[in-house]
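What follows is a group of structures, each given as structure tokens.
You will see subunit A twice below: alongside subunit B first, and alongside subunit C after that.
On to the complex of A and B.
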């Protein structure tokens, strides 16, 4: 008992002693799913934030003030995310929060952030995060609705009017399936076959055979994520279906080509970000510089290929530090106003221009329609 | 016609994976009445270790052999460190320990390997074999062959060998088995090694089709468990038939009805069978002497 008393007292002393020193730096909080079911998204996000903070401080921080990152791993659990958000605001006294790898985690963080009036930039996909617009909540990834629109735009250009869909039943696949069905009519396209698979299924040839036999089907769309789309792509070639196959931005990474196998992935199209095709971007492309710099730094540090999801964290950090620098202040209110005034900021995902009505700040041009040729990404348009 | 054939091919491909996992459950269950929920992790380890070793430049067959041996050793360690110290505990407690071991193995795999999805090349290439307008991958034949081989091996082991009967005797009555001179500790260790090895083999054979990642174990364990329950827990014949049945029901439902209902259809069939035959299709009826 006596022992615990002494340690507590000691800890208190240390904390008190450390506090004034800590106030001199800009504290940014993050709650990321670095482990758990969304780990393959959260892991590169966490590494990206650590990398960027290191780089920024090596350059001297924001206007001479060092940035300190307080990073928690919520394991994809919305309850933990809420606890960490509260801890970030009350104990760590951060000026802004980045995070919420999954939509669930983001929704619970945004409630806390909104209450405490601390700016929050989410890394999750769902449109519900920024619709209705909440004053303190922003997000960097495009929505799955935009991915659907980009894909249907391309299908329309190629003259397809009847398509089949095969979607994963995981959160990502189900949400995108619903969004696609919602906007498909705007493009004069009819879904003639609508099949699903579980994210852990080992074989989708039954569903694909059914889609192939649907009358008049001209192309197939596979909203999904994880290993499912790789298996769909392999089965697609196994059955020698010669219709164009579209994948979603959920598998926009080199890992997808590797897992599906280059011969099977040949000709697959998907909406991706500039990050995947850094070397193919035109010299005068506004995103080129930032995309190449991030890719080289990330691959140098982690020895793993860069992916879209780490890019979301990169952009959130960029938007935040840009806003702090423009605001010339580290007060949450000023930061919020500065984020909302962001205009024409080139990130890895797209070019961000926020406004009071738009807290996503991206339009369809952020997506580039990519096609896999000879095991590599190429730009379609 | 070619459509039906394709659905059947899809069904046996998936079913063979389920059957292989289900077969892994039988040995530990036979030796101790414990349903080992870490069985799925053995499958995951088989795939992940093979990928890891193969990527490090070790030829595939050697990598596969390594994976099976290491996983068997992990099975033995699990028995020695987690199950044996709790020997007197009720079956339910032991089952919960296996769930704990499963979570531990998953976490360890996440740290030792990584969190990405992986695969390694199929054993006999990726060119599909065409039969009557439908196609099947050569790797599917490997999985089906593997399931059949393991089944025959287990069947011979349990019915024709002294050791196999010793395993059954230990499960029936540990004390009596000890009295007739069976080293029950050795039987338990052996059963964990064999189960883990079979699980790893399933992972090695299935990964070129299903892909692998640190968290694939649970899905394998659930489907394999369902197959084992349907066929009759502890009976290799039941595990084989149960696994294939579930795969076929899923594929046919997805093909003719709707893929939305395929899991539901499989579980309705399992429920119906268990209502009529609680011991499963081939299970022994258990009678308790009062």
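On to the complex of A and C.
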């Protein structure tokens, strides 16, 4: 019995693989870090893409043409990401690529996409991906720099001029630390204490004590990713530091509140996307419809809470399918032109308007300042 | 000319590199081919260290990292041509291996494995944390080698994938030729003697510590060149190249294919590079399949895939 099942499954796979490509279908490629160290980002991204393709095809595809998703798992290894990008373009002959969960993977894929002139929408944070602007490369997540600006804007509003920073030394934390230091002066704010921790550290009380003892410190900012910020938050309360604590968009998910514990996370502010506060959005908010629809569909299918990162993949897919539909063609060149002409498209992360000079298409309004109250996200502004 | 095993190995490799492209369904396979060759170069170094001299290293990816970052940093900071940066990286790797190897190779047993493990992790941490220099975990751009443009000037117009396929293939054959020459040289015999029994080798006058050190330095240079070639063809490199898993991968490739034979180890490199591409549908089970293959090989084909298969065939022929 088992044997026949295996044989059938194999035969099916072979048949699927050998199905003639002549069928009118639009092939979209993706290389995502669904496993490996970046899996907590990549896994929801991969699930989101699968979900969206299923939904789209159930609705009849793009203008009647079915979409086929070719999805590879690069495990967060940039070298593998480059190989899969080559495979997507040369072997699978996709018309566009979504992916590059980490900055390293994105930088590897973009070189291949640029060479082959195939549009690529990256899901990674770093500003280097779209600066300088490369004709075929776009991205959906806001940059670290914008998160810094949003946080400093809020601090400025509350009248803070002296702050402490505690940053992770992982790619995300270190990159955001550098960007924040770069823009902090524009807001008349001075960093009076600057500490770091390793992403695997289990205790940050030493660094936090130093920050607390810095003279005149009024608030603390923690650029970081993964479990580090949860530990910082817990230590922060254990030390009974009575200053406002800001986290980054890197931990904008319910997992953060669970990991830090609701009492410790009380009052923490961070710049997040509309996705986390779907129900709190105003009825006439242009993002409300799409955010609620995506959250419900994702949570229904995966039984896990929706997060910012899956939202990046959602938006990339939305931008791409919208562009293909407007271009009325599945030629890479036409798709690229159509993506660049995207204007006022509401996604889960923000409202996208691309131009020849701007391949990110978001501004600061895409971020919403959120605060944790009673173990739940609330809108500040 | 007599058909020696050395000549046979080189002919087989040469024929495979030249004939394989006729079977390629698309240009993508040039990329896979060049990755196999890059891994094969590092694994040839492991054959010298582990197969000939019987020493284990769990940190060779560190040397690959040095080779890779030499190609990224030397041209940017000192204006050195990328081709010279490969040599510079190899020299630094060799020197580092010599410095580190001197004390630890006097030790017996697992000390070398543990010490190299630490060395590899140190290099990887340095590449991750020295952001001002290496730009940290996000990676750094590597300049163009410029050889493709040169070949084009001579009337040989290759695509990027084709160029790296043939170039890495050539480097791999060169590396294999050097390793095979070493095998039959007095040094190679001394290495194999100390592999069999250090005491016996010392009794007949082999300077055991010096020979081990030599093998360690040579294998480090192989790993470094492999890292350089990877960086140059990707034109972008991240600290992952020096990661612990990459070290393990190198040893696994060598052991799987047959660590005592250059051709076997290259065969192992080819299988383990191809497997993730074949197993994309089962990506979640990739590690599981790899582990299973490894276990089966260790139990049933202890010398590695290729030597064991060849022996079986030979026995049948008799």
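Everything below uses one rule, namely that the second predicted complex is superposed on the first by the 358 of 381 C-alpha atoms of A that agree within 3 Å, B and C clash if a C-alpha of one lies under 4 Å from a C-alpha of the other, contacts with A are read in each partner's own complex, and residues count from 1 in each chain.
What we mean here is this: a residue touches a chain if its C-beta (ideal position, glycine included) is under 8 Å from a C-beta of that chain, and two chains touch if they have at least 3 such contacts.
Predicted, not measured: the structure shown is a model, and the values here were computed from it.
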* Asked: Of the partners subunit B and subunit C, which touch A:378 in the superposed model: first, second, both, neither?
  -> neither
* Does the superposition put A:355 against subunit B (first), subunit C (second), both, or neither? -> neither
* Touching A:87 in the superposition: subunit B (first), subunit C (second), both, neither? -> second
* To do: Please indicate which partner A:128 is in contact with in the superposed arrangement: first for subunit B, second for subunit C, both, or neither.
  => second
* Would you sort A:35 into first (subunit B), second (subunit C), both or neither based on which partner it touches? => both
* Asked: Of the partners subunit B and subunit C, which touch A:343 in the superposed model: first, second, both, neither?
  -> neither
* To do: Quick one: classify A:230 as touching subunit B (first), subunit C (second), both or neither.
  => first
* Can you list the residues of subunit A that touch subunit B in one structure and subunit C in the other? -> 35
* **subunit B residues within the subunit A interface of the complex** => 3, 6-7, 9-11, 13-14, 17, 110, 115-119, 126, 128, 135, 137, 206, 209-211, 213, 215-216, 219, 250-252, 254-255, 258-260, 263
* To do: Enumerate the contact residues on subunit A facing subunit B in the complex.
  => 35, 37, 39-40, 43, 195-198, 200-207, 209-210, 213, 226-227, 230-231, 234, 238-240, 255, 259, 261, 263-264, 304
* **Partner subunit C, residues of subunit A touching it in the complex** => 13, 34-35, 72-73, 76-80, 82-83, 86-87, 89-91, 103-104, 107-108, 111, 115, 126, 128, 169-171, 174-175, 178
* Structure fact -> Listed in rising order, subunit C residues that touch subunit A in their complex are 25-29, 31-32, 35, 128-129, 131, 136-139, 141, 160-161, 230, 234-238, 240-241, 276-277, 280-281, 283-284
